[in-house]
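What follows is a set of structures for review.
In what comes next, chain A is part of two complexes: it sits with chain B in the first one and with chain C in the second one.
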Partner chain A sequence: MAGRSVPYLLVVPVAAVIGAILGYPMYSLVRLSLQKYDLFALIAHHGTYVGLHNFGSVLHDSIFWHTLLRTVVFTAANVGLTMVLGTLIALLLVRISTWVRLLVTAGLVLVWAMPPVVAVQVWSWMTNSENGVLNYLLAQLHLGNFFQHDWYATPFWQLTMVTTLIVWEALPFVAITLYAALSQVPHELVEAAEIDGARSWRVFKDVTMPVITPVLLILTSLSILWDFGVFTQPFLLIGAGHIVPGNYLMGIYVYEKGYAETNFGLGAAISLLMLVIVAAMSVVYVRRMLRVGEVE
Partner chain B sequence: MRYRVLAVVAAAVALSVVVATATASSKKATAHTLTVWLQVDAQNGWPDIVAATNSAFEKAHPGWNVDVQYQQWTTHLQKFDATIAGSDTPDVIEMGNTEMTKYMAAGAFTNLTSSQSQFANSKKWLSGMRAWGTYKGKLFGVPYYAGSRVITYRSDLFKKAGFKKPPKSLNQFQSELVKVGKMKKRVKGFSPLYVGGEDWYTALGFVFDYGGSIATFSHGKWHGTLDSKKSLAGLKRFKAFFKATQSKRTATLDASGLGAGNPFPYDVFKQGRTAANYGPAWYTCCTGKKYTKVTQQFVMPSHVKGKAIPGFLGGSDLAVPAQSSSKSQAIDWIADFTGTASEKALEQKGNIPNATNLLGNSVNERAASRSWFVPQATHWVDVENGNIIKTMLGQLLTGQLSVKQAARAASQNIAQTLNGP
Partner chain C sequence: MNRRLSRKVAWDALGLVVFAVMVFPVFWMVSTAFKNEDQINSFNPTWLPLHPTLAHFRTALHRQYFWTDIKNTLIVVLVTVGIAVVLAFLAALALAKYRFTGRNLFIVLMIGIQMLPPIGLIIPLYVLLGRYGEVNKLTGVILVYLTFALPFSVWTLRGFLIGIPKELEEAAMVDGSTRIGAFVRILLPLVAPGLVATSVFAYITAWNEYIFASIILHSNSKQTITLWLTNLLGGGRSIDWGVVMAASSLIAIPVVIFFLLVQRRIAFGLTAGAVKA
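This part shows the complex of A and B:
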């Protein structure tokens, strides 16, 4: 009898920790999403139950649907760019001499090590319309009239600038991981393919790709999860003074509804909806993880 | 083999989680610390007055020290909300006059009515400033200072262009600016007046100058009025004035020094790239060594000759959050900070002090002869947070929408926001 309960006893600490750090906040979030919880409630530390009203008003808000669509497009662009550029850098890393590779890797690690808030500040200085180095360089190179050009003039450009920053920050992780994956591609196979007359694209497609596909899929899934809920970069780079419904991403939408308008119940409802979307997307990731384990 | 790669992925993910956790700051909390939230204006303009108050307070309250934390206008309310949720509010908070109503209505502040006699000159407070911090007859905010908006300019450039006296009308001012601009046209990016297009405090001065308004309350509801005939006349005049005096692409900047790293207007002044700024009177603080001697100010003229253009009457209150555990000390600190000596020093720096007996004849006080204020609605602060007016200005200045279209959209948006969810 005692022997049989040992496994369960061993699981108890883990279950308790997960319950405490995931279960309780989730319970609170669900409860909050069913309440009207505004500034009055915040001060009283007590909200009033309104059933599913918050969910109804979010789903009937056209801003929500526009934001969702914008975020999906934004995520696709960011992940696409990150994966393509990351793969190219990884392929480059394989081909260059050791000391150049060391230099490039060091550069990548420095990028990876930079905290997002600092990166935003640097980006915002560089792209500043008055004194930014970007406008200065473009003007010096006579690449058109970029004198005091405002890079953040329209929502499209605001989000484009955010994309450049996010992709730049995400590249090192993808490039270094893919480089590790590429080192697993057997040399003999590549050589054999080349001897049989395969060109480089064919070698990449039929020899390299199959080996790195699992890693590629996992990286893509992770990138989607990260980019979908991104907040720091758009909020700080666009700046609180320019955040409007026309440039909302999901993370910002939650913040504006929940915090800026002090409507915490509504904010909780939006985050639960986001959670459902993100969970649906991570199904691919989790299944792939399990399958990779099975193959080995 | 692939396990190794996966291990790298897992390790990297784990690392990023650790880094993210480690960056969450720890907070020091000692029993005898009075936490005061002031806005960056004090940090830039009068840190000496803050320091004097702190040392006087610490002398009178042995064992106490004051922790002044400077806040940004765009984020301080969200941070304040977070401290309310955690019952960890500051003991004193500076609130913008447009932000008070929502928080007073919600009961976020301590009722200071019975402590009124502790504040110097409280019987002679300016009535407008008293009104900012009063809700349903109770006092929640102590008037700190007010400020209108004035033109800070380089007298050397205006003199060189042949203008020795301040302009009497808006038209005259505009043609003077155009002339100064022509004189300096070889300086790339020079604009005779540096104003961000989305600086709504400037733009709405034109609206009020032409008799327009932001919103009116009738039949139990708010109605947006930025698309009224008079408001539209003001917005059109603003657009024309902006186009004539701005040689640069500043239409979409708010030029408040925030967001996308925009420079403060006085930084542009310091760099010799403008002849004038329109803003708070304390801008003289920061126009740079090179131009200190030629930095002067005048009241921006109205389109009606001889009058001042209505300036936004900005200002701040000091309040004691209801959850503060050191209320009596907080009141003592506020009494020090708004005492006669402090308020006089604030007046010296170009601000409007809180009491009639302290008023002088500064350019700021003259500018305040005509002023405008935002609608006193509980949800006004949401209009500000939503950047509704800024968006309208960006749209109409860049030509994305016509003046009328942009104003109509903003008006509807404002009415919807003010009438609440």
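This part shows the complex of A and C:
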């Protein structure tokens, strides 16, 4: 009889901690979203109930819709680039000599290990307009006049620079995981298909793809979730002083409205909308991982 | 044959290009850190430092709050990892060795929480920590980090525990050990590498964290090292890139070393089961 309670006793500590420091905030997030909760309320420790007013003002705010659309486009661009380039690098890893593969893999792991905040500093330094090495390299390659070119002049370019940073950071994980998946593709099948005269595209589509599709799916859904909720890279690379509604992403929008403008009720409403979107998108991933949890 | 060889050479060359492009930013960080002022500010940069200097590293190490913030970071990280790994190990045992009602719900929670964007939680966490007087305190940061370190550690440790064959445990029990005895003598040594790898990875995540630390910790003497690093750019002064790159290198070094040690063991946790590597 005692044996049956063992798993519960083992799980209780984690469940209790998560309940207290995540469950309670989640409950409080919902409550806050229904309140007018500003700096005074923060000091007085309680806000005023306003019903769905916060949601009304968010959904009627054109900045919200523009930000959402911008974030969707941004996410699509980042995920698309990461997945395509990551797949190409993984396919390349299969084809190159062992010593080159070891070298490239080592380089990828090194990049993977870079702390994001450090990566932002390096990006700021490389792309600064005065003497950044990017302008120098592009000029050396005769790609145009990049003397003191400002890469952060418009919201489009600001977000493009954020994209280059995010894709660079994400590529190692995608490429190395896909390479591991590719090594599961049976060699004999590929060779047989090639002997049968199948073109390399056909071999990829009919032999390789079915094996790596589950991994591609998981990587894509993870990338979507991460890129949609991104904050640190755009916030630090664009710089707090240059954040304007024109370059908001959802994460930045929550921060600016809720935290910086100390409108916690409104911020909570935006956070909740954002979390609902993310939760809907993560269903695919969680279901797949749940299946993993069942197999053992 | 000749054509095949030249094709191989072409692929290898492309591989080297990929290597160069990917590694360049890291190389540039380290290279800049060792250059002198003239070389850094030059409009025609050279690849390698001509007269390598440690001056920027010295400046970074002596910059105000560096050691204080390193100490803060270590406190936060070690306490977080310590608590997270012990508690997570118990839960992981339950998931790996028992079937019980609510098991699936628990797994969904463990995976789902890892998918939450941290930025979506800053508002309630800030308000609640404020209410309980935990803003601007390291304990507040530790509490928040636990919510994210726990699910990750549970899931990863579960993976390590499943890898241990049940027969080993059973054999020990047949030999007259109790369940606890079997656990200590058989299971623990086998899962030790998993515990180390999980701790190291949780350590890296906490060390790198920026969002919550920046929301919760306001005064310079109470900050973590990522905040210290980003503060180097602020303040409108002209930026001393040599110092920023030296500091960046210093902060990246422990992470890179630890990451290299555990990457193979941990990397596939996120895609576990999909890749049977």
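Observations, loosely collected:
FYI, the second predicted complex is superposed on the first by the 262 of 296 C-alpha atoms of A that agree within 3 Å, B and C clash if a C-alpha of one lies under 4 Å from a C-alpha of the other, contacts with A are read in each partner's own complex, and residues count from 1 in each chain.
The rule is short, and it goes like this: contacts are C-beta pairs under 8 Å (C-beta built on N, C-alpha and C of every residue); 3 or more make two chains touch, one makes a residue touch a chain.
Bear in mind that the values here come from a model prediction, so they are computed numbers and not experimental data.
Contacts of A:Trp125 after superposition: both chain B and chain C are touched. In the superposition on chain A, contact of A:Pro214 is made with both chain B and chain C. Of the two partner chains, chain B is the only one that A:Ala153 touches; chain C does not reach it.
Legend: residue contacts after superposition of the two complexes on their common chain; A:His242 is shown touching chain B, with no touch to chain C.
Shared-chain residue A:Gly229: touches chain C; no touch with chain B. Touched residues of chain A, counted separately for chain B and chain C, are more numerous for C.
In the superposition on chain A, A:Phe40 makes contact with chain B only, not with chain C. Within the superposed three-chain model, A:Met26 lies in touch with chain C and out of touch with chain B [touch as defined at top].
In the superposition on chain A, A:Val278 makes contact with chain C only, while chain B stays out of contact range. In the overlay built on the shared chain, the residue A:Ala180 is in contact with chain B and with chain C. Overlap of the chain B and chain C interfaces on chain A: residues 42, 45, 115, 121, 124-125, 128, 131, 173, 176-177, 180-181, 184, 214-215, 218-219, 222, 239, 259, 292, 295-296. Residues 4, 6-8, 10-11, 13-15, 17-18, 21-22, 24-26, 28-29, 32, 37, 42, 45, 89, 92-93, 95-97, 100-101, 103-104, 107-126, 128, 131, 133, 136, 168, 171-173, 176-177, 180-181, 183-184, 214-215, 218-219, 222, 225, 228-232, 236, 239, 251, 254-255, 258-259, 264, 267-268, 271-272, 274-275, 278-279, 282, 285-286, 288-296 of chain A are the ones touching chain C in the complex. Per the touch definition, chain B reaches chain A in the complex via residues 1-6, 8-9, 12-13, 23, 74-75, 78, 81, 84-85, 87, 102-103, 106-108, 188-189, 198, 248-254, 256, 258-263, 268, 322-323, 382, 385-387, 390-391, 394, 398, 421.
Of all residues in chain A, only 38-40, 42-45, 115, 121, 124-125, 127-132, 147-153, 173, 176-177, 180-181, 184, 214-215, 218-219, 222, 237-244, 246, 256, 259-263, 292, 295-296 touch chain B in the complex they form. Those residues of chain C that touch chain A in the complex are listed here as 8, 11-12, 14-16, 18-19, 22-23, 25-26, 28-29, 32, 40-45, 87-88, 90-91, 93-100, 103-104, 106-109, 111-113, 115-128, 130-131, 143-144, 146-147, 150-151, 154, 158, 162, 207-208, 210-211, 215, 226, 229-230, 232-233, 239, 241, 244-245, 248, 251-252, 255-256, 259-260, 263, 267-268, 270-277.
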